[in-house]
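Shared chain: chain A. Partners: chain B in the first complex, chain C in the second.
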Partner chain A sequence: MKLPVRIDWSKFGLPAAFFVMLIIFTVINPAFFSARNMIQTTRQGAILFLIVSGQTFALLARGIDLSQGSVMSLVSIATISSIYVLGAYAGSIAGILFGAMCGFINGVLIAFLGIPPILATLGMLFVVSGVELVYTGGVTLTNLSDIDQGRLFWFGGGMIGPVPVPVIFAIIIGFLLYYILKYTLFGRRIYLIGTNADASSLAGLPIKRVIVLVYTVSALLASLGAFFLTARLSMGFPQLGEAWLVLAIGGAVLGGTSVFGGKGGVWEALLGSLVIVFLDNGLIVSGVSTFAREAIIGVVIIVACLGSVIKKRV
Partner chain B sequence: MRVNSDSTLALQRKTGLPFELRAYWGRYGTYVAFLVILAIASIVVPHFLSIDNFLNVLTTMSFVLFVTYGQTLVILSGGMDLSHGSLVSLACMASAALAAIGHPWLGLAAGLGVASFCGLISGSIIGITRLNPIITTLGMLYLAGGLALYFTNGKSITGIDASKVQDFHFLAEGRILHVPFVVILGLVFFFLTHFLLRHTRFGSRIYALGGNEEAAEIAGINYARMKILIFTLSGLSCGISGSLLAARMLTGEPRVGAGTFLLESIGAVVVGGNDIFGGTGNVGRTVIGLMILHFLTNALDLMGISTFTQQVVVGVVVLLFCYLGLARNK
Partner chain C sequence: MKKKTAFLAGVLVICFALVFSLIGNTQVSAKQLEIAVLVPNGVDPYFTAKRYGYETECEKLGVKMLFYDAGGYANVNKQIGQLEDLMQRGIDGIILGATSAKGTVPVVDKIISKRIPLVIDNLDSFTKKPVLRIMKNGVLVGQLRAVYIVEHLKGKGTVLVLPGPSAVSLCQDEHRGFVTYAKHFPGIKVITEWTPSSPDAGMKTVEGILQAHPDLKAVACFSPPLTVGAVRAVQASGARKGDIIVVGQMLDAGMETLMRKGWLQATVMCDHIEMAREAVRMLVKEIKGELKPPLYHQIDHYLITKDTLDRFDRKGSTYPKEWRK
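Showing the complex of A and B:
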């Protein structure tokens, strides 16, 4: 049967699959499509979108950021600890800056010491997680004063009208990132460096500066994601970020950002995040156990990447 | 395969140590570092320089050693295997499960088989579809990790009757002439791996792939077959570690691989002085690398420093050796 219109599956494949998935989950359990569930899921989606966007920056520059998970855990602890001392608002900013600093270190390791991104961020993964384990001894941080807790919670759990607060932030930041990637020198340089670093270097681009910024941004975005998560929990969770790393990479690649750099962006990040977050939620609502979910998401990521690789070849 | 390296190639040309230092460090740096650490530790740390302590460290090290053999093969061929932690956990669970119902040797086979099978899958995906090894093995990490937790819903497998599985337990805890069996096993596999790399065509093909993938393929090396074999062996090495851990603990611990296994397996290869992009190096260097990491943490332990701080130190050391190793190569 020939369709009257030629459909470009590489562009519409994923969104189509997304809607099909939503339909299937709603059929399995109508509660999936309830307003409450949808709003909850977009809250998670906003957070994942921030982290995936960060990973996208690293991927675009033909790198990768494996430290995002640990940075998130660190930020969770750092934020709550800082709030003890500085109060809700200043403490939050301090915590987020802590995370951005880790990204800065990543950037320096990669740009100035020449360590390959996989190794640098893998090493930082362990260093950062070690540091925060040393600091907390593995213990969750609670005990915020009521005022602080109230102020903090709004960021993660509050709503502006029908929309969760993190979603609003994510939308604003998303537009900002889109603008940066598409219309600023910095953004365009990232694509250039990701496509061909040697040529860029010969052409005189300040590669080191750009790379340091890229990884700082990546960690900063992951920190923001962690901040909103922590805000909602109102606790410092030493293992917060563990599960998010694979979701970040998976979401970025799923959406269409290439691991080899130069291809992808904010739209892809958004698409990938939404698919992952609704998939995860759908599985929960359908009663699938946590561990099976982990396995399924791993499979989905591999299958989706396979799909894009095969598509390129055929 | 140059994974994610091109953006840093332009940067790497500008970094490095002065030439003479570079040359010496390149060949002997790792060994020197190892001896220096041993020397300092012997002086500074009480109880470090004793046969008991050394045997202890070697024993603990042996459980991770097998995993590093597999990682060495993968890295020398130009790839990287991030799934090691979960494959070890999965193998441990499989072995423990069968041992618990009275079939320890089937358990051993199951552990080896399951992990090798996962490696086979990773290798097939990487070899046939040419998907990036990082993404593939990362996916496998979560897939296998999830599976390891799934079958028992996150709980450990206990209740293995020690009296019934004495031979199996001996694998991990027994001694022959005072030397722990695992250490002997580790040594045996060291020679096997070394032989594989140095004296077989398979081994030379591994080096070829790592050195220049395109040239290797043009020269006729079957990329798919090599990758499948390499990752299967990598999985097998995890299976050995996992099964031995099950034999030692007599429990199936689904998160046993989740700690520093991955850092140690890659870290050992890198610290030992093998080129992270492949093509140069040998398994002896990996062993030294792992010894450096383990003796270092042992010294810190004896000084009373917490495990968490040790993790930070290990991470920093790995990064440091990365930098020095790269500086050496330019």
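Showing the complex of A and C:
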């Protein structure tokens, strides 16, 4: 018997799987669907969404940004260091801009020197790691004044009504990114370059300018994610971003962004981020051991990558 | 006459040989010793503090120090590569905090076979060859945390243990110490979550466990980053100070702030900076032939709380604020 409506599973498959996952975890442990757990998890999801969105920009342009994790660590240190001197607000902006600058340098290396994205961003990963370790000696930066700590903490741990502050920022930024990718020349050019860079070049698109902007945006979004995480912890941790690069790439691909460029977007970044954070949280709340959790998340990401490869071949 | 000449010549040769060997020895001992210190995760506050201990003691003894960081407990291959490079280039002695107790055995055995002086500092390598060791008693550390928590919970309650990375033998020892003591109290339920030693892992894990176990009464943490993450999660849950007991290990600036504000109830200390200094002293003695393996030197441990925060001797566990290398 045929369904009256034809369902496009490539579009609705993952959202459907996401809701089924929520239902399963709620059945296993009703505490999963409590207000507090939803609030906490969406807070984590907001941070991951920003980082995944940044990676999405790089992937759309048929590149990759391997420096996101290191940039996050740098921003954590730079933010706290800047706050010591400039105060909470100006220091926070300075810290974020430090991270964005790394992305700008990535973009210049890729666009103007012709270094492949994987190599340029890998190099930046090591350079940034080294710089922040030399600067800090591995020391955690703490001891903000009470006023600065309070102001900073609000960004990471505060609430506006029932909604965590990072979630509000993520929603606003998400809409902005959606608009940029869908309705601006810059956004369309990213897709074109990702689909066929040679044709785009022959068509006279300013590829170099676009690439520089893409990697600046990628690092800027990772910096914002790092900022909210640092704000929540109210301390600067070297290697804060260590585990996030894999999640960023995994989240982007899981959501449906193609590693071959030209396909994906903000909606896919959101979906991928939500699946990862709620999957991880659901497994913790369900009592699944750490080892099994890592394996399950890894398998999910691999399957998503496989799906991306198969879709490309088909 | 010929026999006399030959005899005199022989005596002269022996005298020259003795003189040259003495000069040689003097030159060796006058040459600055060069040692390598290898740690698994240099950004962990524990190793950052120990680095201060290594550096200051090396400076005091006139020894040149090379510092190698594996960059994470998972980077066993990287540390093995560092050790092999050191064997290749030549080094007077090595202090090793192993990334993996089992994974480093072959390379450590090679080092010992090549008679390169070696001190294993706290993070053990399970070599069966004779070696100098300076160690914490991980089991005791775990038990100290367990005793504090069980006493304050009066033998009843759910406790989350964050022992850190599962591949690290010290973490396994601390975990074993905790559960071995806690199992004597049927009212204590222990939940274990092996996580990386990072604040976001601690925060995310405690948040999740609090959902599954809203009756959680205590958290025992392996390291300062996990402790900070755990406290942030406890704060976010709406719990008041002391509702959920948090016990950590070591005391960095961040943990001290949390302890003074009442969010961190206790921490286990082991004078790790003094431990690093002692490791350097042991290695230099071994290089000079004054100390021979095997030797197992165990350091002291003690618990501090907010009440004793201003009274314990910080020299062995705290570096000056202005030091940041």
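Please note the rule applied: the second predicted complex is superposed on the first by the 298 of 314 C-alpha atoms of A that agree within 3 Å, B and C clash if a C-alpha of one lies under 4 Å from a C-alpha of the other, contacts with A are read in each partner's own complex, and residues count from 1 in each chain.
To be clear about the criterion, contacts are C-beta pairs under 8 Å (C-beta built on N, C-alpha and C of every residue); 3 or more make two chains touch, one makes a residue touch a chain.
Keep in mind that this is a model prediction, so the values were computed, not measured.
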Discussion item. Quick check on the superposition: with chain A as the shared anchor, is it clash or fit for chain B versus chain C?
Written reply: clash
Practice prompt. Would you sort A:75 into first (chain B), second (chain C), both or neither based on which partner it touches?
Written response: neither
Discussion item. Looking at A:114 after the superposition, I want to know if it touches chain B, chain C, both of them or none. Which is it: first, second, both, neither?
Written reply: first
Worksheet item: A:48 contacts which: chain B (first), chain C (second), both, neither?
Response: neither
Worksheet item: Touch check for A:152: first (chain B), second (chain C), both, or neither?
Response: neither
Practice prompt. Answer with first, second, both or neither: which of chain B and chain C does A:306 touch in the superposed model?
Written response: first
Worksheet item: Which partner does A:221 contact after superposing on A: first (chain B), second (chain C), both, neither?
Response: neither
Worksheet item: Touching A:240 in the superposition: chain B (first), chain C (second), both, neither?
Response: second
Worksheet item: More chain A residues touched by chain B or by chain C?
Response: B
Worksheet item: Now for A:284: first (chain B), second (chain C), both, or neither, which partner does it touch?
Response: second
Worksheet item: When the two structures are overlaid on chain A, which partner does A:29 contact: first (chain B), second (chain C), both, or neither?
Response: second
Item to complete: Going by the overlay, flag which of 26-34, 80-88 or 224-232 in chain C ends up clashing with chain B.
Response: 80-88
Worksheet item: For chain A, what residues appear in both contact lists, the one with chain B and the one with chain C?
Response: 133, 137-138, 289-291
Worksheet, complete the sentence: Within the complex, chain A is touched by chain B residues 3-12, 14-15, 80, 125, 129-132, 134-136, 138-147, 149-150, 153-154, 260, 262-263, 266, 270, 276-277, 306, 308-316, 318-319, 322-323, 326-327
Response to the item:
Listed in rising order, the residues of chain A that touch chain C in the complex are 29, 31-32, 34, 36-37, 40, 44, 133, 136-140, 142-143, 157, 229, 232-235, 237-240, 242-243, 280-281, 284-287, 289-291
Fill in: chain C residues touching chain A - in the complex, by the definition given at the top
42-45, 47-48, 51, 69, 72, 166, 193-196, 198-201, 203-205, 207-209, 211-212, 214, 224-225, 228-229, 232, 235-237, 252-254, 257, 324-325
Worksheet item: Which part of chain A faces chain B closely enough to touch in the complex?
Response: 61-64, 109-120, 122-127, 129-131, 133-134, 137-138, 193-194, 196-198, 200-201, 207-208, 211, 246, 249-250, 253, 259-261, 289-299, 301-302, 305-306, 309-310
